Each structure stands twice: as C-alpha cells, then as structure tokens.
Amino acid sequence: MAGTKFAYVRNFELPDPLLPDTYLVCRLDGHSFHRFSEEHEFAKPNDERALKLMDHAAKNVMIEFKDIMLAFGESDEFSFLFRKTTNLYNRRQAKILTTLTSYFTSCYVLGWPEYFPETPLRYPPSFDGRIVMYPTDRAIRDYFSWRQADTHINNLYNTVFWALIQKGGQTTTEAHATLRGTVSSTKHEMLYSRFGINYNEISDRFKKGSVIVREISSERPAAFGPSTSIQPPPQFTNDKASQVLDPPRPKRSKAKKKVKLETTIEVLHCDIIGDEFWLTRPHLLENQS
Amino acid sequence: MAGTKFAYVRNFELPDPLLPDTYLVCRLDGHSFHRFSEEHEFAKPNDERALKLMDHAAKNVMIEFKDIMLAFGESDEFSFLFRKTTNLYNRRQAKILTTLTSYFTSCYVLGWPEYFPETPLRYPPSFDGRIVMYPTDRAIRDYFSWRQADTHINNLYNTVFWALIQKGGQTTTEAHATLRGTVSSTKHEMLYSRFGINYNEISDRFKKGSVIVREISSERPAAFGPSTSIQPPPQFTNDKASQVLDPPRPKRSKAKKKVKLETTIEVLHCDIIGDEFWLTRPHLLENQS
Amino acid sequence: MAGTKFAYVRNFELPDPLLPDTYLVCRLDGHSFHRFSEEHEFAKPNDERALKLMDHAAKNVMIEFKDIMLAFGESDEFSFLFRKTTNLYNRRQAKILTTLTSYFTSCYVLGWPEYFPETPLRYPPSFDGRIVMYPTDRAIRDYFSWRQADTHINNLYNTVFWALIQKGGQTTTEAHATLRGTVSSTKHEMLYSRFGINYNEISDRFKKGSVIVREISSERPAAFGPSTSIQPPPQFTNDKASQVLDPPRPKRSKAKKKVKLETTIEVLHCDIIGDEFWLTRPHLLENQS
Amino acid sequence: MAGTKFAYVRNFELPDPLLPDTYLVCRLDGHSFHRFSEEHEFAKPNDERALKLMDHAAKNVMIEFKDIMLAFGESDEFSFLFRKTTNLYNRRQAKILTTLTSYFTSCYVLGWPEYFPETPLRYPPSFDGRIVMYPTDRAIRDYFSWRQADTHINNLYNTVFWALIQKGGQTTTEAHATLRGTVSSTKHEMLYSRFGINYNEISDRFKKGSVIVREISSERPAAFGPSTSIQPPPQFTNDKASQVLDPPRPKRSKAKKKVKLETTIEVLHCDIIGDEFWLTRPHLLENQS
C-alpha cells in the first residue's frame, strides 16, 4: 500500500512525557501584544474589556480541561495549574500545551466581538505557551506569588506612568525618567499628591489580577447537578499503586464509590500570596510530600 | 522588591532547544474535528469551504513565518516545513510550536465567516500540534510523500464510501462492509460502474491535497517588490562557522550584500511524491549532506 | 586560529538539566553479569565476595559524592539517592550519570583483587546506569521498597532453585519446573522439609541486600573529625529563594554559620520497607511537600 | 506479591531516545586528570604510556561496539563516532552513554599495569561522557577537525611551555608569561632557536592525536576471518523503509545475502582535517543528504 513504505518517518516522532506526580503550570503570553494593544486602542494603564476577554477565554479553558484547578491572569498572560496527578493525554507535553494554547486562542478570537463590540479585529492575535513542572506545594505557592507580586509591581508603575502622561502632560520618556529609581511608597505618594489618586481605591482587578478557581460546591453525586464536576484525585497508575501512594487518605474509599464532587468555576480578584486563600481550599494542593 | 524573592521559580523552566541544522516539520491536527465537521454540517466526502479555510490559515502562517518553505494540507491537518537553518526563537521548541499553532487557530477562527458565511461557529475549534526533526533531505521527501499518499488513500476510500451512502442508499455500516478488503482498482471500478464517477476527474484539491510553496520569483533587491521575501539561507551561527559549513556555495558573496530574494506563496494541488516538484524547486531542500 | 572556525560544532551540544528540587535516583546494573558471574565462577545462589565488592565500590562512590544520602544494592545492581537539593554539576544529567557510573566501575575493577584474590579478571566488567527523578518522599520510600522487595523475592527463589540443583540433583530446567507457580510459603516449606534449610536463618545480607547510609554522627565543626561531612541542606538557589522555600526550618540560622555535620557512611543489611529506618533518619528525606 | 505494589515507581523512568538517522558522537573526558596526571607522574608535555593506554581502552571499546566507525583521542579525551543508522540499545541515550563510558573506564583500569608497570594506581580514575547528535556529514567532518585542530594548538603550546621550564629553567608562571600572545610561527621559532627542537620532527602521535578507524579489509564472508566484521549499513527500520531510504545503493542486494564485510581496527596518527582521509574511506560517512 502506497502509504506504508513512507510511514517509517513516524519513527522520528520522539516521546515527550512529563514527569508523573508533578504539578504542571501552563503559562500563556500574548504574542507582540504591545503592538496589538496599540492597534486596537486598549485603554491605558488597564483596559477592562481586554482583561475580561482574557478571563472569558481562561474560564472556558477551565471548563474544557477538568484537571485545571486554578488559573491566574494579568495583562496579556494567564497561568494554568494542573493537578499533579493529571493524566491528560498521558501527560504528553506537546499535546497538552498545544491543545490548551489553541483552545484559549480560539476562545479569545471568538469572544472578541462581545467584549470589543465597536472594534473589529485588525489582524489575528496569538499567544505563546510553555509548560513548567513543579514538584512541591511550596514551589506552586511561590509560583503564583511570583505572578501576583509581578502584577502589583507592574500595575503600580503603570498607574503612575500613565497618570504622568495623561494628566501630567509628560512624554513617555519623561515619565520613565520621573519614575527611575523610585520605591513603592514614593509612587503611592506621587499618585496621591500630584493626581489625587488613592492607589488603594483602584480596582482589585487591576491590583491583584484575576484568580480563576475551581471551587468544590458539594459532594453529591454528579448526576444531579448541571455544573462541571471532578473526581477526587485519581492516582496516575493502577489501584495497587495508588494504595501505596497515599495510604492515609480516608477519601480513597469514597473514590472507589466514584462519588463526583460538584465544582464551580469562580473568577476572583483576591490575594493569593498569603495563606488564607490556600488554607480554605485544601483541594488545590495535594500535600503528599 | 516583592517579586524578587519568588523569582527563583523560573529555575524550573528547562531549556528545550531543537537540534541545529535539522529540518523541522510542524504538523497541526484539528482537535475532535469529526464532531466539529458534523456540528457545522461539512459536505461529505470533502467540504471545499473547509479546505479553503485551512489553506487560508496556512497561507497566512507562511506569510508570518518567513522560514517556512512548504506546507501540505489535507482534511483537518497541515504540515509546515521550516528550513533546516532556521533560527526562529533560537529554535526553542515550545515557543515555535505554540506561536505557530496559536496563529493558525486565530486565522482559522477569524477567517471562518468568509468561508462559511451562513454557518456561525457553534463553539471554538482548536488544533493540536507537534514538531518533528528530520535530519536528511530523504526523510523530508518521504515525510511529504507519506502525507500525500495518505491523502490519496483516504480520499479514494471516502469518495466511494459516501457514494455508497448518498447515491447507493447504504448505511455507514453497510458501506464500510462493502469496502472491507477492497484494493484501489476495485474502488475505482466500483465508483465508475455503480455511480458513473471517474475518479480521475475528481478535483486535484481532493485527490492531492493542498501544497503551499514559497516560490522564488526574482533576485532583485527586495525594496522593489510588494511580495514577501527571504534571504538566501543564512547559517545558524556566526560568519566563521557558516564559511565552514558551506565553503563551496557561490551565493555566500551575494548573501553578504544582503540581496533578498523575491518570493511569493502559491497554493497548488500537484504531485509531490515524484521528483519533478522538488527538482524544479532546489531552494526547498538544502543539500548539504 | 585553526580551532575557531570549527568550534561552532559545540552548538549541537544540547543542555540536559534535571528538574530542580526533585530527588535523583541513579541506578547502576551490571552489563551482561549473567555471563560475567559464570566466567568468574561466582558462588550460587549468592557470592559473598562479589556482593562485598559491590558494597566496596558503592561506599567509595558515597565518599566521593557527598550529596548521596543512601544507596541500596542487591546482586549486580546499586541505586544511589541524591538529596533533592543537590546542585552537583548544576544538575546536568549526563555529567552526573557518567561520572558516577565511571567512578563505580573504576572502584569495582581496582578493588577486584582484594575480594577475588585467586580469580584474575578475564575481561573488563561494565555497568549501565540511568537517573530517575522522583518528586515526592512517598515515591522515594516506594522506590527503595520496590528494590528491597525484589531482593526478597529473587533471593527466596534462587535459594530454593540452587538447593534443588546442588543438593537435590535437579537440572536447571527441572528446578524451574519444580518452582513454577509456587507461593512464598511453599518455597519456605520446601527448603526446610527437603534440605533442612531455615530461610529465616540465612544471612540478612542475602535476604535484605545492602543498605549504605550516610549517618549523622555529630554536629561539631568539621575540622575536628576525620570522617566525611555534609552541610545542612543548602537550597538550590540564592539566599532569598531559600528563605522562601523553607521558612519554618529552624536550622537555617545554623546553616549560615556554616556548621558542618559530621557524617559517617555505614553498611547495613536491615529492613527499609517499614517506617522505622526512615523515622530514625529524618535527614534522608526532606519533607518539604 | 510484595514487589508489585511498589513497581509503579517505574512510571517515573522517562524515555530518552536519540533522533534516528543522525550521527552520534560520544566524547569522554578524564575527570580531574590534571591532578591524576600529577599524582601518577605523567611525563610532560606528553606521556606516551598514558596516551597508549587511552588508545588501548578506545580500541577495545571499538571491538566491543561494532557500530563505532571512528575514534579520535588526544590527552585525556576520546571521541567515538557511531554510524548514523546504528540501532544500538534502540538508541536509548543513557544506555549507550553509560555502557560505553563504563567499558572504557574498565579497560583503562584493567590495562593500567601493562602501560604503567612501575606505577600502581593510587586511586580510581574516572571519566565523564556526553553524546552529541550531528545531522550532516559536514558537521561530522568539522567535529573531528575541531578536535584535531585543538590537539595541534595544545601540543604546540605545551611543547614550548615545558621546554621553557625543563630546559629554560623558567617557572610555570614565567613560561605562561613568555608565551602570552605569541602566534604559531613565533612558538616554532622559539623552540628551534632556544632549544634546538624542530617541531615538525616531533612524533605525529603528539601533534595529530590518535585516529582509530574501522577499515574494511575485504568483502569475503565473515566466517573465514578472525577479525571483527560489520554488515553494510542496515537502515534503521524495516525493509520497505530502507528501500525508500537509499534506492540507488547497489550493495543492498549483497546486504540481503548477509555478506559481512571484514573489518580491522587500525590506530593511526594522521591528518583528518583534509579531504584525503575521508575520500579514501567512503564507508565512514553515509552520504545520504
């Protein structure tokens, strides 16, 4: 058969499995969004429509990929946390990465007219992505702290920067010069004394970014509810292995009854650096050191 | 600074460079397009609108990524060939793969209304992708032969299959049973004798797929032409290395004058298994064994 | 300079870092040791000289590589556990793997005459190796349980097998047939009733393998002692990062005073499947889930 | 069974195949051989015993690994070239790399007393290794040119350096200072005028390194000869694929008759930067661009 003698070229396709039992974070970034935001006249320092469109796409990704427990977005980037035991596409890296990136992009483009009804897309936006493996709960906490701290720093800078330009009449070069070397408190003070802006009163969406979390709403059988649902963490191998993996988990017996947890997906703008967010959502991390 | 103490999490981002001086083939596949084609009522066995939309997206990818020399598409998949010396994104795998996949998806969704003016998208389509490295010209030739042979085989099967259903009144189960074990000549005969279809008269688009090729139209300085342009193959390293890599290439002196080659991107439906296609386009392969 | 124009070939050397903060297990296996043990007339079912030579080589590896906390050996294989925070050779996989494998081999060959004074080496023995990353304490416990359980199973089988041959006069084929399908208790019974061997009285070296552990003997300054010493776990990044990584560790302050822990390397033949071994040596695992 | 419930830990062993149809170069380097050569009183600038011991180990590696076509050694390093179509250990990287490194080490230690009869090993020498994939003949040529050019440069420098010390009475610091910034011709002149040494008369072993090559000695059936033998390059996949890979090879018909080529392994000290070495040995490269 004609196809057969060429089919050996599949031997060049190399496997790319991700390490089992390790958290996966997939981070997407807008490709050349500096230009994209200018061409589509995004409001500065923050365009709420653009941020809500990012949230919209990210939320749809979480509806589609049940093993994503948490996402965090700011500006033109979004990070997705997969449960460490996910076996999505047998943990093949390129498959997970491209499917997610493509679906996010598709949701973004398809959702655009709803959020920008008066601004047609002038050219196709795109995103790049990467997957990073994190072996510990601590590293996951620190990863999300890193992104939220970054949001804080960027937003404070941008808020003053654009106030200097839009209200203070400076050029962008002048505004950068004005801000060079200033610490956080100076920026707060500058905002308040020159422009009457109390930074603390700025929307949490801008200061804290978007936190999209899979919340457990009940433990009733999945059949009764319309919302998306997950199973308690299945282990990545067979039953015997999972008994070994976490003998002390009392929920294993429930798992065997295949009780599904009702979950909902919520968009928040809250602190995720401190402990409270995580302590009240023990299902996000899996604590099997 | 708040961001700093968490920034160590970047240490978990591992490098993923692709081997230098090796052809890269990036293949995209529609994700669950069996369902997608049904939900959007694609014509069977081939929907010309859908195929043209794929070509549209692929052509735009080639306009955006100058180092893609050739693409081949059939059904819901497309393969893109990068020149072996491309240094796009320093050959970082995830970066190349996701940017291309995302851009293709974006072009597909944004282009949809033009090709399906009466069929709104019911949900976001998506694609998965992979990059495969091929070290030799031979393997590249065989890769594209593999895909075009596959197109042939699938199209012949599907053409008879849907004729049996649409014109012969069979169910899908019956049609599969009718075709089981039949060889190519039997299918041709069946098409002609039962349904009066001469397979050879079917559109080359369906029989041969879509071949999108970067053609060299002239060697005049790029400034004069409106079309996209490429430079003659730059080597992947510095000047000294490239002198070593291909001492006998007479074009190196031109390269130093930065003469750009005028190129155009053409969509063809021609044979790429035989030698002619390749012999008339020596720029596609780089012959440095 | 002559060397320079060719030096671009180094660009083909791709990075191969291991994921940070993840346990590394390096397992070595004798290459074709079935034949090697016959050619050098190893005693069956266990050759104490050969096992002690393996221990000798492994112990020397642990003296050389300070970040190995534990090793486990049976037959012609040895597994080495690196602390999860090791930064040996910047965690380059091939470098760690080959250096360790080569050093072990060298110790084995150089040590041979001491353990086999009357049997000259007839040809060069060799070992293959691999590194596996394990993200959790649980996986490490299970890894070593897997190897020790394997030791148990193999040794019981081999003990009966060779008794059937050496004392029972069976051929190897007959002995395998006799044992086919027998459970553990049957094998114990067979040993005792046919050959008067009480399996429980067999040397722990054979039943449990060799456990080579880095023990902490004191916390006095390293200068006073002759034994090898380690520092309390340094984190893999800079100071700021490590503060983040393990805020609750009271020992961090000591680490800053550069107190070194006195350690010794002990060869044991004890159970490592149960909890006791690990609970009494909390320094082996690092408990930062 | 006890072993089973832990066996899931094997899931953490990730595949590491090398790209098919790509040349593999495995380079070994002595680990801390600066110290090793001092402790064992190697002659300076070159110790012929040490170099011959390296050749001995490398030659034995080539006898053991039939798919190595060529090796090049200088000082404490050796590079081995595997044919591009080798399927050794299914091209698993760690397996090939460690087995070769371990076997080389074993040969080195076991061969030591023959080359250093009066100098017992004071501690175990070891080597690190890496595998680099090269897709083209050009890159292979340049790789070996790189190593031999390096040999030239180092040997000229070391020859003058040690003459300045041994015959000129300089300290090492003074000798380095004397040589700083000198070009090749100055070093030649310095050797001749100050010490009466004609560099061109120095042994080729020192100037050109060791070239160990698998030569084809005849094409008679292997059964008649005692030497090692190889088969003509089998392709890495099944017959159909290999027909596609190299249709024009007339030797394929012989391959099917399983004619083995008689080969011998020769140690040379010749130029490998120019074309002659390669043109007279067309079997070293496989020319399938």
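Points to keep in mind about this one:
A, B, C and D label the chains in the order they appear, each numbered from 1.
By our rule, a contact is a pair of C-beta atoms (placed from the backbone, for glycine too) under 8 Å apart; a residue touches a chain by one contact, two chains touch by 3 or more.
In this text, all values refer to a predicted model and were calculated from it rather than measured experimentally.
The chain with its CA mean position farthest from that of subunit C is B.
Annotation: 31 Å between the Cα-based centres of subunit A and subunit B. With each centre defined as the average position of its C-alpha atoms, the distance from subunit A to subunit D rounds to 49 Å. In whole angstrom, the spacing between the mean C-alpha positions of subunit B and subunit D is 41.
Looking at subunit B, residues 6-8, 12, 14, 19, 21, 133, 139, 142, 244-245 sit in touch with two or more other chains. Contact topology of the protein chains: fully connected, every pair of chains touching. Those residues of subunit B that touch subunit D in the complex are listed here as 19, 21-22, 84, 133, 135-139, 142, 244-246, 287-289. Put simply, subunit A touches subunit D in their complex at residues 4-8, 11-12, 14-15, 17, 19-21, 236-238, 240-241, 243-245. Per the touch definition, subunit C reaches subunit D in the complex via residues 1-3, 6-9, 12-14, 28, 31, 60, 94-95, 97-99, 101-110, 121, 124-134, 139, 142-143, 145-146, 149-150, 152-153.
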